[in-house]
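In what comes next, chain A is part of two complexes: it sits with chain B in the first one and with chain C in the second one.
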Partner chain A sequence: MKIEHVTKKMEQTTIIENVNFSLEKGEIVGLIGRNGSGKTTLFRTIAGHYLLDDGEISIDNQRLDQYPQLKEQLFYIDEKENFLSAYSLKKLNQFYRLAYPNFDQNLYLELMQSHGLPLTLSYRRMSKGMQGLYKMILAIASNATFLLLDEPFDGLDVIVRKKVIGLLLESLSESNRTALIASHNLNELEHIIDRALLIKGKTIEGDYRLETIREQSRKLQLVFRSKQIPPLIKQHSKLIQKQGRVLTALFDNYTEELAAEIQQLDPLVFEELPLTLEDLFEANLRQEALVEG
Partner chain B sequence: MVRINKASSKPYYEQLVLSIKEDILNGVLTAGDQVPSVREMAKHLLMNPNTVSKAYKVLENEQVLVTIKGKGTFVKVTEDLPRDEIRILQVKERLKELMIEARHLQISIRELTDWMNGFEQELGGDPQ
Partner chain C sequence: MLSNLFKERYGKLLIGFCFVVLFMYISAGWQSQKAWHQQERYLASEEFIKDFNENREYYVKSYNGETPVYFDSTAEYRDAALTINKEYSDEIYYNHPYMTTMNQFVIVFLFLIGFLSFFVDGRTHFNRFLFALPFSRKQVFGKKLLFIGLPLTACLVLGLLGHILIEYAMIPARYLAVPLQDVLLSALSTLATNLLVFATGLLLGVLLGNLFTGVLSVFFTISLGSMGYSFFQCTREFFSFVFLGHGDFLLPFQTWIDWPQGYVYPWWLLLLYLGLSGLLILAAEKVFSKISLENDGDYLTIPKLRAPVYWLLSLGTWFYLSMISYYPLEIFYRDLYEGYDVSLWNIALRLGLLLVACLFISLLLVYPKALMNWWYKRKNKQVSNI
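Moving on, here comes the complex of A and B:
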């Protein structure tokens, strides 16, 4: 799937502008950004709930606006505006079977049974955890190629969360399906995604391959004798924190040569710390103003 | 049991590779044992399946695991393997600790290498 130069305005205000990225088959991609940064608008735009002001979205070189049947390949449930609460699970099942011709009814029944969900309940009478689980079961059984998941782990207790994540990973393993997951739960997200897209200033500003980052970048905790930050450190890193003499810095391109050069400055403390998604988020978005959701 | 240490700065696939090797060394896994499929492992560890798959590929390349089509992935018989990378790494770590001690005691690198050469002679020379 390709998203090219996508722009969306709401009542004269630009919400997202010139967004470009592509999703490969078999990938799990995280969409991260601050509250109100445009994640939901981006999802709604991809799902076709909004008309584009500019740009195009295509799957296998076919534009979504020209080939509406491509929507069978997209699964999206709007978190705020959806019709689920008005119906029973039985009715919802019928709707989704109609909307997705490849809906796997056997898998649906099997997952419902193995997770102890009754087939006839009304959606609004389920707990939040059951609803989260149910939405994931619908997503998986839909057999859609692209799953757009907006905060799928939000508000779920740890047991349900693990079930939901396990379900997702199991169904995406060894298949060619792709998930785009927006989540503020960065600790959970960083284990399950291949890439993180960072949305900032109305557009996608960063595209990080996490395993590559874990290989190439380092977070170091350093203490030097002098209170001044050595120029070498300033030049090669983003400073995350400074507490007295203790520096925490993020080195994007960490090499053995650089490590040796730092060692020559004779630091009192030189410690490698794990680099997390949270660090990337904070290092890039701390200055970003909070916008209304 | 395989596990991922969030406090480590190593990439996850590398941690998984080491973790499986460690299990083999400890006898938790022995030659011929079946390991979980990528799908089962991803679900068990709640980890990206592509990462698990990458680790399995590395282990297959290093002759630690072998995948038999239609049957699954198994621990390979390791008897005649030339070098044991995990133990080599452990030795390196221990050597580093010794170097730290040595520096504190103001032992020069020259002295250290002399000793090492001496020990090697005692042990009958370089195996290679």
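Moving on, here comes the complex of A and C:
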């Protein structure tokens, strides 16, 4: 799936602009960004809820607006605004079974039974955790190639969260399906995703392969004699934290040469810390204003 | 797939609606023949014969100038009273078994079904599910329209035919003065009116998005629509005054037929109404295709239509309310009736105030967000100046 130059405006305000990325089959991609950065807008635009102001979305090089039948490969349930509350799980099953031609009814029933969800239950009466679990079951049973999951772990307790993640990983590992997951729970996301898309300033600013990041980037804790941050550090890193003279910084392209140059500055402390997705998020988005929407 | 989804979503409700439509026509037909038979029994009773003989002066057949002409016998009166014509005679007074208020219920019901069939899916977020399906908006609209429209139209046809069948089967033929062909054509005219009303409701259901102001507008439309006859009469009289210099021009044909009483639209008007229904449905489809769901809670689901809808709503409502309140006609009544002492300034002032009210209320309906933003900006400015 390719997202090219996608722009969406609301009431003359640009929410996302010139968004470009592609999703390959079989990968799990995280979409990370601050509140109001346009993650949900991007999902809704891909799913067809919102009309595009510019750009195109295609699957197998065919545009979704011209070949809407390709949308059967997409699964998305809006987190906030959906119709599920009005129905029982049995009725919802009917809807999704009809909507997705490859819906795996046996798998659906099996998952429902194994997680103790009776079909007669009303969606409205379920706890938030159970609703999240149920939406994941629907997503998996839909057999859609591209799963768009907006905050799937939001509000789930640790037990349900582990169940949901387990379910997702098990399903995706067995098939050639792709998941694009927006989540604030970066600790969880880090262990699931292959790639992270960083949405900032209304567009995708970074596309990181976690493996490459682990190879190329470093998180260092440094203490220098002077309170001033040396220009070399400013030039090559993104500051995560500064407490007195203690700096914690993320170096995107960390090389042996750079390490040697830093050592030449004679730091009092030079320590490598474990790099997490949260660091990446913090280093890149620390300066971005919190936007509503 | 779509038809099955719609079956899951609306199936039972649609069956219910169809039964209501059938029930309204069939029950009205049954009530009509029942009323006729009650009338027949009464006109054959001793009580009636006694009353007729004792109070002959009440049983007026017609007027010869100022002089009343009375019925000669109970049989003559009975025949006149029980005969079903398509309209009241100016000269003969009798009970009309076709009289019903059910036509108003059918019209309001169809308008509401048209409106709700699209409005509810917007408000309950079912459109979010539909828009994510592997179909174009055009396909979703078309399938939904067929799913709801076809059975409903079939029930309207069945209901109309059933209504006619009950009356023509249960009332002796010699009392039915309207030819069956006319009644069937009248049913066709009624169907055209019904479809026009349904299509109007449907367009509003697609176009309006706000739960409060959208529903308010629909009730407003129904309330104003119930005064449609006054509006039509006043408008006809007004333009008759303007173009002919007198107010008594009558159209030689019916412009609104909502019950199969025997009235028939001229063929061109029938085609016009059917064409208008088609255009409204086409407009609804175009609007549906352009809906982007970030606007689904706004008064209008398509922001680009705000300006044209605002002007149409405000000026249209102003014209409608002006007409049903007779304000423009008073300009001509001043010359027509002695002692009609109203100045032109007075009329202009009332029309002007009504226009301002319509412009203001329409502004509140169509541009609530813009007004709120303006209000907050103004308030913030005041606070920052302190």
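Going forward, the second predicted complex is superposed on the first by the 278 of 293 C-alpha atoms of A that agree within 3 Å, B and C clash if a C-alpha of one lies under 4 Å from a C-alpha of the other, contacts with A are read in each partner's own complex, and residues count from 1 in each chain.
Everything below uses one rule, namely that a residue touches a chain if its C-beta (ideal position, glycine included) is under 8 Å from a C-beta of that chain, and two chains touch if they have at least 3 such contacts.
What you see is a predicted model; the values in this text were computed from it and never measured.
Once the two complexes are laid over each other on the shared chain, residue contacts for A:R44 go to chain C alone; chain B is not touched.
In the superposed model, A:T13 lies in contact with neither chain B nor chain C.
Applying the stated contact rule after C-alpha superposition, one finds that A:S226 touches neither chain B nor chain C. Contacts of A:E215 after superposition on the shared chain: chain B is touched, whereas chain C is not. When the two structures are aligned on the shared chain, A:H191 is found in touch with chain B, with no touch to chain C.
Of the two partner chains placed by superposition, only chain C is touched by A:E81; chain B is not. In the overlay built on the shared chain, the residue A:N61 is in contact with neither chain B nor chain C.
By the touch criterion defined above, A:I165 lies against chain B but remains apart from chain C after alignment on the C-alpha atoms of chain A. No residue of chain A lies at the contact with chain B in one complex and also at the contact with chain C in the other.
By the touch criterion given at the top, residues 4, 6-13, 38-39, 42-43, 45-52, 54 of chain B touch chain A in their complex.
Chain contact summary for the complex, chain C toward chain A: residues 1, 4-5, 8-9, 124-126, 128-129, 131-136, 139, 290-294, 303, 369.
For chain A in complex with chain B, the touching residues are 26-28, 162, 165-166, 169-170, 172-174, 191-194, 211, 214-215, 218-219, 272-276.
If you check the complex, the residues on chain A that touch chain C are 10-11, 41, 44, 47-51, 68-72, 74, 76, 78, 81-83, 86, 91, 94-95, 98-99, 101.
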